[in-house]
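The two complexes that follow have subunit A in common; it is paired with subunit B in the first and with subunit C in the second.
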Partner chain A sequence: MFDTALFLLADGLTNGAVYAQVALSLVLVYSVTRVVNIAQGEYVMLGALTYADLLDGRMPATMAIVVTGLALWGVTSAWTARHNRRAMMRVLGGAALACLVLAGISAGVLAAPRSAFLAMPAAILLVASLGPIVYRVTVQPNPNASTVVLVIISVGVDMVLQGVGLLFWGSSTYSVAPLANGGISVGPLFLAWQSIAIIAIAIVIMAALYAFFEFTLYGKALQATAINRLGAQFCGIPVARAGALAFFLGAAFSATSGMLLAPLVTAHYDMGFVIGLKGFVGSAMGGLIDYPLALAGVFAVGVLESTSAYAWSAYREVLVFALLIPILLWRSHRLKPGQEA
Partner chain B sequence: MSVNMNGRQGGLLALGLAASLAMACGPAQAQTAKPELRIGAVFTLTGPAAPIGIPAKNGIQLLEEQLAKRTDLPFTPRFIIYDDASDPTKAVNNTRKLVTEDQVHLVICCSTTPASMAILETINSGAVPNISVASAASVIEPAAERKWTFKTPSTDKLQVTRVVDDMVARGVKKIAFFGQEDSYGEGGWMALQRVAQEKGLTIVTAERFARTDTNFTPQALKIKQANPDAVYFHAIPPSSALAQQAIRRVGYTGPTYHGGGSAIVAFIDVAKDAAEGTIISAGPLLVYRELPDAYGAKAEIMRFTQLYGAKFGADKIDIFPGQSWDAGRIAVDAAERAVKGGADLTKVEDTRKRLRDAVEATRDFPGVDGVFNYSPTDHLGLDLRSTFLTVVKNGKFTLLQR
Partner chain C sequence: MSRHIWALLVGALLLVAPWVLPPFYVGLLTFTGLSAMVVAGLVLLLQAGQVSLGHGAFMGLGAYVSAVLCLRYDVSPWLAMPAGVLLTALAAAVIGRVTLRLRGHYLPLATLAWGIGLFGVFLAWGELTGGASGLDKIPAISLFGFELRDERLYACIVWAVALSIVVAFRRLQVSRIGRAVAAVRTHETMATSFGIDVAALKSRVFILSAIVAAIAGVLYVHHIRFISPTPFNLGASFKFLIMAVLGGPAHSAGAIVGAFVIQGIEWGAQDLFANRLGVSGNYEIIVFGAILVLVLVRWPGGLWPAHLLPTVLPPTTGGTPLPQRGHDADAGGVLLEVEDVAVSFGGLQALRGVSFTLGAGEMVGLIGPNGAGKTTVFNVITGLQRPTAGAVRFRGRPLARHTDRIVGDGLARTFQHVQLVPTLSVLENVAIGAHARTRCGIASGLFGGNGAEERAIFTAAHEAIQRVGLADVAYAAAGSLPLGRQRIVEIARALLADPVVLLLDEPAAGLRFSEKLELVKLLRRLRREGMTILLVEHDMELVMSVVDRLVVFNRGEVIARGTPADVQRDPLVIDAYLGGVA
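Moving on to the complex of A and B:
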C-alpha cells in the first residue's frame, strides 16, 4: 500500500514538472501582456515535433511556419510604417535576416552529427521565435483589447497552430529517443532517467527565471510591466517589446517541456492542447500571476491526476478539471471585497 | 503573341485551336454516351477525426482512377466527395445535399460512428442506399431498422470474439480491460462484457485512458494488482502502445491482447520491445502474405496494396483507404448487376431501390477487409473468416498459428 502511494507520488511529481513549465509560461505571458494564452499548449506540441524532426535529420516544418509568420509580420509592420521608408526597410530586412539566421542554425544542426544537446537548443530557439511573431501579429495590433478579446484571439491562434501541425506533420506519431535509457531504483521505486531529467530541468528553469527577474535589467523591466503597465510605460519601458519577450520566453519553456515529454509519450499533432489546459488549471491557483502558487497548483494537479488514474481511471480527467472549482472558490475567498482577481 | 499577325499565322492558329478543341471534346463525347453513376461520399477531411477520413478519400481517388481505365462498364462512375469537418450535423447537411441536389444513386458516409448514426434518418427517408465506413456495429444493427445502411469495416464484436476464444483456449479465467475512454473504447468494452459473459470469463477490473494522456502507469499498476490472467486493450496507437509499455513497465508478465485499433505498424514502432508477444486481432490486410492462396480476398488485397503503395507510398497502406475502396467497389459491382437487371440510371429513385437490393445480394465479394456476403439480416457482410489473430514476433506482425 505504502509502495503504491510512493509510486503514485513520484509519478504525479513527474506529471507536475511537465505542467510546471507550461504554468510558468502561462503566468509569464499573462502577467506581462494580460493574454490568457489558450494556445500555450501548442508550443509543447511544436517543441516535441521540431525536436523529433531535428533528431531524425529532417529540416523541421517549424521553419516553414516561422518563415510564413515572419513574412506576415514583415508585411503588416511595413504597412504600418509605410510613410517612413527607412523604418519599412528596417522591418523587412530584420524579418529576412531572422529567417536566414534560423535556417542557418537548423541547417548547421542537421549537418552536424545527431546530438540531443545540439538539437534541443536549436529546436527551442526555432519554436520560441514563433512566440514574438504570434505576439506581433495577433496581440500587438490590439493594444487596448479587453481580456476576453485576447482570450478569443488566443483560441484562434491555438486552432491555427494545431491545424498547421496536422498539415505539416500529419496524424502520424514520431518516436523520440530519451536523453538516457534506463533509470535507477530508489528503495521500492524505479525512476526513469527521463523522469529525473524532466524534474531537474524544470527546477533549473525555475531558478533561471528567478535569477532573470531579480538580477537583470530586462527581467526587472518585465516585472515592472507586469506590476503596472502604464507606470512602466511612463518610466520608458517599451511594453510592446516586453510583451514580445514574454511570448518568446513562454514559448521556449513550453517547447522545452514538450521535448522532455516526447520520449515518454511520442510526439503528435494533438498532444499539446490538453497539457496546456492542465497547466492552466494549476496556474489558476496562483490567479495566473503568482509563480510559487502556480507551481504548487500544477504539482497538485499532477498528483491528483496520478492518484485518480489509479483509483477511478474513468473519472480522472473530470476530477482534474473539477479541481478548478475549489481553486476558484478558495481564491475568491482570499480576496478582499472590491479587489480584482 | 504579336499584335500584327499576318494571314498565314492566323490561319495556322485557327487550325491548331480547332484541332485541340476536337481532341478535347472527342473522348468526352464518347463518355457522355454512357449514363452517369453518381456516388456521393462524405468523409472527415478536417478536424480531430481527419486522420481516418483523409486516407478514406485517397482510397476513393485511387478507385476513381482505376475505374476510368475500364471501358467495359455500362456507365461512367462519378464520385462527389464532401467534408463533414468531424461534425455530425455537417455530415447530415452534406448527405442531404447529395441526396436532393446532386441526385446521387448511392452514398458512402461517414468516416465516424457519430456521423453515420446521425445520417440514418436522412438515408431512410431519402430511400438511398448507404455504405458506411465507420467502425461500430450499431450503425447497421438491427438490420431490419437499418434497411438502407451497409458497412465495410469489421466490428468490435468480431475482433473481441476471436480474442476471447483464444483466451479460453489458453485456460484464462480472469481478465482485465484497458481501453480508451471514447466511443471507440466504449464499443470494445460493451463487446468484451457481452462476449466474456457468454464464454464464462470474469472481468476483474476495467481501466480507462484518453488518447492524449501523458501517463499510463497508475492504471497499469492497478491492473497488475488486480492480478488478471490476461489483459485486453481496446485503443489506437500511440496510446494503445504506450499503455502496453506501461503494463510491462509495472512488471505484468501475463498475455496481452489488443483490438483491431492496434493492428497498424505505428503500434510496434511506438511500443518497441514491449510489443513482443502481444496478440492482436486484425483484418486480413495485415497478414495477407501469410494466408493461403485459397483465401478468397488475397488476390484483391495484393492488387490494392500494390496500387495504393505506388500512388501514396508503401508506408501509408492501412485499413482506412481499404474500407472506402471496398465500399466503392461494392457499389460499382452492385450497379453493374442492377443495370444488367434493367435499372435505368436516369431514373434516380428507382435505381436507388434496385441498387440497395443489389448491394444486399452481394455474395463472395473479395475486398480488402475480407470476403463480403451481405444478406437481409447481415449488413456487415464479414464474419470470423475475415478476422485473424496476429502475434508480434521480432518486431513484425505474424499470423498466430495454432
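Moving on to the complex of A and C:
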C-alpha cells in the first residue's frame, strides 16, 4: 500500500513537472498580456513533434509553419507601415532574415550527428519563434480588447495550430527516445531518468525565470508591464515588445515540456489541448498571476491525476477539473467583496 | 417602422426556408436554431459582463432530464420537457450562487469546471443515462395524437421558439432590467448606489440563460430521439461561446448572426475539405480557427452592426409622473447627522470623531487637503464603507444596512471618477437613476406590460436632462461627451432618483473653466429649487461661491466648520492648506 502510494506520488510529481512548465507559460503570458492563452498546450505538441522530426533526421514541418507565420506577419505589418517605405523594408527584411536563420540552424542540426543536445535547443528555438508571431498577428492589433475576446481569439489560434499539426504530421504517433534510459531505485521506488530530468529541468526553468525577473532590467520591465500596462508604457517600456517576449518565453517553456513528455506518452497532434487545460487548472490556483501558487496547483493536479487514474481511471479527467471548484471557492474567500480578482 | 419590417422579413424567411430547402439543409437549419437559443442566453450573459463555458452542459442537463423521465418513468414529453427546464434552472440557481461572485477570469474557469463536471455525470451515471452509449427510442413530442416528426415542421417550430426568445431578450435588453444589466457590467458600485441588487440580478440573468439553454436541450432531444454525452461536451460549450462573442453583445439578435456565421463557416470548411478537395480528417478547424481570429481581430465588438441600427427609445413625453417622495416633513429639520464617526483600515486611522449635520435645503461643502478623509466620509454616508465606530442617521433613522437600499431612502450620489455606461445614450444613463423608484422586473421586460412605466421613466429622464441643460445631447452615447458634460449627466441621473439629499463627489474635477461656470449655475439653480446638497470639492473658488456652510477636514478630523467667510479666516484651516508654523 505504502509502495503504491509512493509510486503514485512520484508519477504525480512527474506529471506535475510537465504541467508546471505550461503553467509558468500561462502565468507569464497572462500577466504580461492579459491573454488567457488556450493555445498554450499546442506549443507542447509542436515541441514534441519538432523534436521527433529532428531526431529522426527530417526537416521539421514546424519550419513551414514558421515561414508561413512570418510571411503573414511580414505582409500585415508591411501593410500597416505601407506609407513608410523604410519601416516596410525593415519588417520584410527582418522576416526574411528570421526565416533564413531558423532554416540554417535546422539544416545545421540535421547535418550534424544526431544528438538530443543539439536537437533540443534547435526545436525550442523553432517553436518559440512562433510565439511572437502569434502575438503580433492576433493580440497586438487590439490591445484594448476585452478578456473574453482575447480568449476566443486564442481558441481560434488553438484550432489553427492543432489543424496544422494534423496537416503536417498526420494522425500517427511518434515515439521519441528518452534523454537517458533506465533510472535509479530509491528503496522500493524506481525513478526513470527521464522523470528526474523533467523535474530537474522544470526547477532550472523556474530558477532562471526567477533570476530573470529579479535581477535583469528586462525582467523588471516585464513585471512592470504585468502590474500596470499604462504605467509601464509611460515609463518608456515597449509594451508590445514585452508581450512578444512573453509569448516567446511561454512558447519556449511549453515546447520544452513537450520534448520531455514525448518519450513517456508518444507524440501526437492531439496531445496539446488537454495538457494546456491542466496547466490552466493548476495556475488557476494562483489566479493566473502567482507563480509559486501556480506550481503548487499543477503538482496537486498531477498527484490527483495519478491517484485517480489508479483508483477510478474512467473519471480521471473529470476529477481533475472538479478540483477546480474548491480551488476557486477558496480563492474567492480570500477576496473581499468589491475587490478585483 | 422599417426596422419592424426588416425583423418580420428575416423572421418570415427563417420560417419559410425549411419548406423550400433540401432535407440536408433543413437539419442544419434546425440545429442552427437550437444553437441560436443557447447563444441568446450567452449574449445576455455577455451583456451582464459574464462568460460561461458550461452552457453546453446546461443544454445537456435539460435534454437528459427530459429523456430519462420519458424513458425510465414513462412521463409524457409534455411534462418531461418543463421538468427538464425547471431542474436546469434549479441547478443554475445553485451553481450561480456559488460561482457568480467570482470575477474576471475566475468565472469562466469555474463554469468550465462545472461544465466538465456535469458532462462527467452524464457519462458516469450509467444506469440512468446509459453512459457513453447513450439512450435511444426517446419519444417524439405528440400533439393531439399527431407525432411531431416532420423535419420541416420541426425546423419551423424551433425557429419560431428561437425568434421569440431573441425578440423577448431584445425587449429585456432595452428595459429597466436591461439598463441595470448594463450598469452592472460597467460599474458595479454605481449600480449598487442606484438601488440595483447586483448579486441577485447576476444570478437571475444566469438562471434565465440556463433556462433557454435547457429549452434548446429538450427540443433537441425529442427531435433527434437519441441522447449521448458527446454533443454537450466542452467543445460544444466553446462553440456556443464563440458564436455569442462573434455575434457580439450589442444586440440580442447577435445570437442569430453568430449562430449562422459559425455554422456556415463550419459547414463550408467541412464541405471544402471533404467534398471539393477530397481530403478526410479534421482539417476544417484550420480554416475555422483562422476565420475566427481574423473576424475578432478586425471586429472585437462582434459582427452585429450596432451603428446601423440605433436603439429606439420609448417616447419622452406624456408619461404619468413617477411616484415622488414627500419632502414637506423635512422642511427646516436636520436631514443628515454624522455622529462621531471613525474609520480605520488596519492600523491606519482614516477618520476620527467626525461629526457634522446637514439641514434641509442647505448646501454644505466638505473640503480638506488630499488625504484628509473627505472621500472616506462620503463613502460612509453612501454606505460603501462601514464606520468602525459612530453612526450616520438620515432623516432621524440609521442608514440602511444594504447599500442598494440607501438610494431608495433618498440619498443619491455622483462619482468622482465618472461612472456612466459609455455605450448607452445619455437618456438611458439618466434613466438608470430611476431604478429604485420603479418596479417592472424581468418578466414584464421579456413579455411586455412595462410600456407605461418605461414611458414614465423616459418622460422623467428627459425632464431631468432638460433641467440640467443637456437636452441637445439626450440621444448621444454618454461615452462620446466631453468629461464636463458627463459629470452633468451624472447629476441628472442622481436627480432622477428623486433624492432628498444630493451627494456630489468632486463634480468639478477635470473640468474646463467654462464648464465650471455651467456647473456653478446648475448648483445654484438646484439650491434655489430647494435641493439639499453635500459637496466634496477641491476647487476652493467654486466651493466658496456656492455653499452655505463648510466642513473642513485634515488628517481624518474635522478642524473647522462655518460659513465660507469664517472658515477662510480660521488659522487652523490656513495652516492645513498652506503649511506654515502651527
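Following the convention adopted for this analysis, the second predicted complex is superposed on the first by the 341 of 341 C-alpha atoms of A that agree within 3 Å, B and C clash if a C-alpha of one lies under 4 Å from a C-alpha of the other, contacts with A are read in each partner's own complex, and residues count from 1 in each chain.
The rule is short, and it goes like this: a contact is a pair of C-beta atoms (placed from the backbone, for glycine too) under 8 Å apart; a residue touches a chain by one contact, two chains touch by 3 or more.
Please read these numbers as outputs of a predicted model, since none were measured by experiment.
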item	value
Subunit B versus subunit C as contact partner of A:Arg136, first or second or both or neither	neither
Touched partner set for A:Thr266, first subunit B, second subunit C, both or neither	first
Which superposed partner A:Ile152 touches (first subunit B, second subunit C, both, neither)	second
First, second, both or neither for A:Leu166, with subunit B first and subunit C second	both
Touched subunit A residues, subunit B compared with subunit C	C
Shared subunit A contacts, counted only where both subunit B and subunit C touch the same residue	163, 166, 171, 314, 317
Interface residues, subunit A side, partner subunit C - complex	30, 36, 137-138, 141-142, 145-149, 151-153, 155-164, 166-167, 171, 280-281, 284, 287-288, 314-315, 317-318, 321-322, 324-325, 328-329, 331-332, 335, 337-338, 340-341
List of subunit A residues in touch with subunit B within their complex	4, 7-8, 11, 14-15, 18, 163, 166, 170-173, 175, 261, 264-266, 268, 270-271, 273-275, 305-307, 309-311, 313-314, 317
Footprint of subunit A on subunit C - complex, ascending	46, 51, 98-99, 101-106, 108-110, 112-114, 116-117, 119-120, 123-124, 188-189, 238, 241-242, 245-246, 281-293, 296-297, 300
Subunit B to subunit A touching residues, read off their complex	46, 48, 50-51, 54, 181, 206-215, 217-219, 221-222, 225, 237-238, 242, 266, 269-270, 272
